[in-house]
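For clarity, chains are labelled A, B, C, D and E in written order, and residue numbers in each chain start from 1.
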Amino acid sequence: MSRAITPQAKAINTGLAWSVALLIAFPILWTVLTSFKPEPQAVASPPIFLGFDWTIQNYIDVQDQRAYFRYFVNSVVISIGSTLLGLIIAIPAAWSMAFVPGARTKDLLMWMLSTKMMPAVGVLVPIYLIFIRLGLLDTRIGLTVVLMLINLPIIIWMLYTYFKEIPADILEAARMDGAGLREEILYVLTPMAVPGIASTVLLNIILAWNESFWTINLTTVNAAPLTAFIAGFSSPQGLFYAKLSAASTMAIAPILIMGWFSQKQLVRGLTFGAVK
Amino acid sequence: ETTITVATVNNGDMIRMQGLMDDFYAKNPDIKVQWVTLEENALRQNVTTDIATGGGQYDVMTIGTYEVPIWGKQGWLVSLNDLPAEYDIDDILPAIRGGLTVDGNLLAAPFYGESSMVMYRTDLMEAAGLTMPEAPTWADIEKAAAAMTDKAKEQYGICLRGKPGWGENMAFLTAMSNSFGARWFDEKWVPQFDQPEWKATLDTYMNLMTNYGPPGASANGFNENLTLFQQGKCGMWIDATVAASFVTDPKTSTVADKVGFALAPDNGLGKRGNWLWAWSLAIPSSSQKQDAAKAFINWATNKDYLALVASKEGWANVPPGTRSSLYANPEYAKVPFAKMTIDSINAADPTAPTVKPVPYVGVQFVAIPEFQGLGTNVGQEFSAALAGQKSVDDALAAAQKLVTDEMTAAGYIQ
Amino acid sequence: MGQITLKAVRKSFGEVHVIPGVDLEIADGEFVVFVGPSGCGKSTLLRLIAGLEDTSAGQIMIDGKDATALPPARRGLAMVFQSYALYPHMTVRKNIAFPLKMAGLSEAEQAKKVDAAAAVLNLTAYLDRRPGQLSGGQRQRVAIGRAIVREPSAFLFDEPLSNLDAALRVTMRQEISELHQTLKTTMIYVTHDQVEAMTMADKIVVLNAGRIEQVGSPLDLYRAPDNLFVAGFIGSPKMNFIEGAEAARHKAHTIGIRPEHIGVGSGNWEGTVLLSEHLGSDSFIKVDVDGIGIINVRAGGELGIHHGNRIRLAPDADKIHRFDQAGKAIR
Amino acid sequence: MGQITLKAVRKSFGEVHVIPGVDLEIADGEFVVFVGPSGCGKSTLLRLIAGLEDTSAGQIMIDGKDATALPPARRGLAMVFQSYALYPHMTVRKNIAFPLKMAGLSEAEQAKKVDAAAAVLNLTAYLDRRPGQLSGGQRQRVAIGRAIVREPSAFLFDEPLSNLDAALRVTMRQEISELHQTLKTTMIYVTHDQVEAMTMADKIVVLNAGRIEQVGSPLDLYRAPDNLFVAGFIGSPKMNFIEGAEAARHKAHTIGIRPEHIGVGSGNWEGTVLLSEHLGSDSFIKVDVDGIGIINVRAGGELGIHHGNRIRLAPDADKIHRFDQAGKAIR
Amino acid sequence: MSTKSSRLAARLMLSPSVVLLLIWMIVPLVLTLWFSFRRYNLMYPDRQGFNDFGNYTRFVMSSDFGLAVLNTLILVGAVLVITVVLGILIALLIERPMWGQGVVRILVISPFFIMPPVAALIWKNMFFNPTNGLFGEAAKYLGLPPFDFLGQAPLASIILIVSWQWLPFATLILLTALQSLSGEELEAAEMDGAPPVSRFFYIILPHLARSITVVVLIQTIFLLGVFGEILVTTQGGPGSASTTLPYLIFKEISLDKDVGTAAAGGVVAVILANIVAIFLMRAVGKNLDA
């Protein structure tokens, strides 16, 4: 039971919170605004906030230069693919850790996480050579597998913390009711963990979408996602702030919008069991 | 139908080419082209890894005059000597062609070539009561820079590269050092940063930049300076000749009609401070589709392509600096910077870049594999000096040490 | 059908011997209640029977067949959990139908059985709700419904009412009793609520530290506890125990007398009232009896007795329990 | 010191008038219990007194001074929360010392007071544990300890025992009563446990929908409830209410008779036993009395009555409560 | 719920992920180890053979190594401190009732969705650029000389960018934790006479300890690898002022094409990361168990 609060206090909170929030989001808002400016106005001094000549020319130019859609499709396929693949492998693992914990479970989890600490640049050449050997270079499947492996520890950890909150009773009840392991996971655990799985999926789509080391180094054309798209823009030639902004906006918009719409689910799952 | 993958750098000419592909497809209906467009460093990183490990992802790579001799020696590139006769290899500018030929084999076809030159604001010079000589000395430059600087109005006498990198500040500084009689190595590959010529080079550079340069210059590369110049914030800018088409384009430049050009400065020692570079198209030996790749290179770098660009985008947008015939064309001669570009290119000699003799080729680089690392590390030191974090002497001493160590480790210095 | 036999069943978790060895016979149709202090192994024993834990040693027979190694689903038992353990993402109908679905029954058969169970349990109106939309008592009924449809040979209940409030507990308790009367299926019921144990059980099994202390009907245990532990555990308020001279007078090491078997007003015990609680219907008084110690007394409605009063008490001689030094009852 | 007066205190949350207006006098040293159905505003009223909520109107006087606008810390009251609200990351010692530390006492003084409180509450052995390592009853004692050390002019308890199991609840209830007897400090205690209310209170305040239905000593409320609400609320098992002909015979709209005031065996009510539960010490029977309806009866120890028997009942005529149409008691 | 069959099932179901991660860890690691003892430069395919510890000495003795390690630690430490401190403050702010809480949350969380190269591009061009960036404009407006962030304070600038990206993560976790704090506990403290500041330090902060642990753990894992932001903004400079360990390794690969030395660097980084990890788990693992 929290205490009732006066309207004045609420107004002050509102003002403060909005200021902070706008400050934090400002770089993004500013980029989006800039993407609608004509180039000269994009670098005008003093900066123009809203009173500029709105245009979508920058987007058209960017699209002309690069077929956005192909990169977009690759991003979608790779991020969703790697997440789903990860889920299929992680759910049984998380089930085991959460419901049949052993003395080593915690260590195992920490070991899994520690695989993420391996510096990617250090193992680039080995992975690259392996990819050549296996013919995985610039394939969606290769990238999907790599991103899955990168994010697998996080997926497992998130699911583990989620599963742990599910009372073991219910799984036992299912067992009493005649469910085998497969039915138990399929009909009882997974549907019950839907909110947790959803937030796991969301977080991992975001991580995969934004992964920009492997995606750039292991792809050329066929599997190149939006990180590669933006890599081609990273040095604007001359007065191209607006175009750069447009390209940036195009690269981040899909995930930003997805994130905004799903932030509740995302937040719920993000706590890694940190909140009891 | 054959699909080839072409890795290109994300500059304007290359992007423009992607927009003109209908012509290629009309002429080569059975070839499809996929583009990989990357920023310069990412491109270099990607294609080098690919070619060195035999990745075979690319059929055509955009590389520079730096890579060609090195890669050529490794046998990584396909000879282009058998391009059709109408391609007219002899039309390619000799300085450029020389840089792209190894053991008599042309290993890359130049897409565009560039040197560097002085771009300056005619209106500001006039206001200062000065005129820029066609072939200025560094003293002329300093005088002009001092006269045009008005920091209160955000007007800086001179903009030069400061961002660290072998292709960024070191391209400029190495070329500049040539005009001061400096060199990277003596004939025995001993580094020369402890010599007075380098000190003179850096002192001049620091003097110009700290007194007349824009703030934050240590992060400025080509693009940053271009933006500054287009905004009218620079009195002078010494950089690639290709910049001329941008600074004179009224669509992006606020000073389009107020730009004059001059040769890169000298110090009366017989070498000017300009460089030579050509973005060129090459075929890795690992490519399975060499015929299609050649067809593409032929299309992208022959005379017809220049005419095509001219017809679609005007003569000012034609990729410059590759063919003598272009400069013989009276239409092209009307382009304001055409003459200065060809003069600058002709003023550079990659095979004898310096006043004193050197064991290497390359004007603004040293064509050895180690140079990317060396150039970048030295560039970091010089950039730190420009940022005021180190003295010139310290930076030079550090450069001398690190280059000596590296060259010793690499076996050049016995 | 539903006859369960435990033969020398043991269970250890690592080094901890939770059940050092239990033998028990449960007849078909019996309502057996397991009681005992917290941590004594009631749940563990139930879960062993259910098959949710492996026995460390011993044998579990169900209807004469060895079920020790059978998985839970194959033992033909149904369990109702303390937390109800309903599937929150399924409607009541689906919850109840789940075991049937797992058994591979057709949709039509499932529906028929679910409807029948819902009718018995008064759940028909809620079949399309989710567990989250039900009250505690309704949830409990769904859990029972899910158990009923399987027509198990025995029901296992682990403190099924402990999450309900007092009033609901009474209602649900009566419903389960009625259900037992209707189905006549074996039920094993774990609780630590005195009232539930006394009112529901045909047979109470008193456990202590994983061992069975006594097995018998509720009133047997109330009237004739085998030992001190059972005497102290069964009955509320707790039996008063007296050692020393007074016990010796009865030729015992310890004697026990229940608070409700002590008369107030006259008698040969005299003492000072330490605490007197008046509930209207009852009064509970705590008396420091001279030479004996503290004695709790439960007396009728409205006694005019207060803190500090001196009163006399008369234990009902017939109702005195005697125990030897080892705590065993002397009969 | 700890005399608290509420004058026309009101509280609304937005549009909802949770407390439409309460006047109440609490004398120094009194043990006052607030009872009432869930959601009736007991907690709200307590929090108003504590200062954790602002009053919408009215005045709260503590020891004769207007405390309506004082912040909680300055009212000199201590509160024990239902969840105990211990600081989980502090040891027991630190928990108890916290208010002292906040008051700026020296370490030595803190230690002295904490040790004293711990001794009173039997917590000395646990002072270095964290709350997570304590049992429910121990936690409750820590919460009380934290309240005691401040030497408040009054204690406020919001259902402090509702998270404990039955046995512990009895013990803790007696401990709190004893504490009250020792400290003689005013205590305001919210509960919905009948037994707690009846046994602990000097004065019970029965709340219903934010209004006071009746204030009085436990036995007053038990013997002479002012209205149907209080009659039904106080006493367990609940009073039987009878309307119709039988009530009319008593010149009332409704009559009430408590289960413990009905004799079994003879009498002029006759009916069929629906349920009989034997606890050993008591029996509860539910009888469908002809022409009257279902009547709950509580009878003595071991009755030989079973489901389906016909029995006669005799309500104790003196103990019949009469109510008019509006539910007010007719005296 | 631990019968023999379920334990067996658990082992079976755990194995795919364990095996996959083992492969993902071991294979590159073994290759890296192998390379780290070999002469292997992409530009000199014919120079082969063992180099003993030559690559290691080359990497560790290089003048930038110490600085890179220091920079990495500063970067990780500073970002952790900034995100946790600001995260707590912002969480405290937006947890309180207000109008438009949903939108505020959406705004605050936004940077988390931005891919690192884009974030770096935005900051570098639109903010840090002393002539065209907004900070430069702001300085001009205030009559100050524009500050060259990436030149004068490169590491701090990168820390700013990275903190901006990770602030939402910290804020969100801490916010959720804050919301789980029982109101009664705070009220108890209020009754006990604790003023707001004491309530923060004695009640709220300890309550957040566990979440802070998780934030530190997760962020450290990601921050140890921060690389794209440096590549886009300062390229490790000026000098080596913003070179971190991963970037140093990257330079070996991308400039010198020296796979052997890069591999040695990778092994060194793995070792250092594991030291950090062990240190972290020790400090933090206890907090996670509860």
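Rule of thumb we're sticking to: a contact is a pair of C-beta atoms (placed from the backbone, for glycine too) under 8 Å apart; a residue touches a chain by one contact, two chains touch by 3 or more.
None of these values were measured; they are calculated from a predicted model.
Counting only chains that touch, the fewest steps needed to get from chain B to chain D is 2.
When chain pairs are compared by their number of contacting C-beta pairs, A-E comes first. Inter-chain centre distance (chain A to chain E, centres taken as mean C-alpha positions): 16 Å. Between the CA-based centres of chain A and chain D the separation comes to 53 Å, rounded to the whole angstrom. The centroid of the Cα atoms in chain B and the matching centroid in chain E are 37 Å apart.
Between chain B and chain C the centroid-to-centroid distance comes to 90 Å (mean Cα coordinates, whole Å).
In chain E, the residues that touch at least two other chains are 1-2, 132, 184, 187, 253, 290.
In chain C, the residues that touch at least two other chains are 52, 71. Within chain A, residues 1, 3, 43, 45, 125, 129, 172, 231, 233-234, 236 each touch two or more of the remaining chains.
Those residues of chain A that touch chain C in the shared complex are 167, 169-170, 172-180, 183, 187-188, 191-192, 194. The part of chain B that touches chain E in the complex is made up of residues 41, 44-45, 48-49, 52-53, 70, 74, 154, 162-166, 214-219, 224, 227-228, 231, 233, 369-370, 372-373, 376-377, 379-381, 383-384, 386-390, 398, 401-402, 409.
Listing the residues of chain D that touch chain C in their complex gives 165-166, 174, 177-178, 181, 194-195, 198-199, 218-219, 222-223, 234-236, 258-260, 275, 277-282, 298, 301-302. Listing the residues of chain A that touch chain B in their complex gives 39-40, 43, 45, 64-66, 125, 128-129, 132, 137-138, 216-217, 220-222, 224, 228, 231-239.
Chain contact summary for the complex, chain B toward chain A: residues 5, 7, 10-12, 15, 18-19, 34-40, 42, 45-46, 49, 53-58, 154, 221-223, 226-227, 230-231, 246, 252-254.
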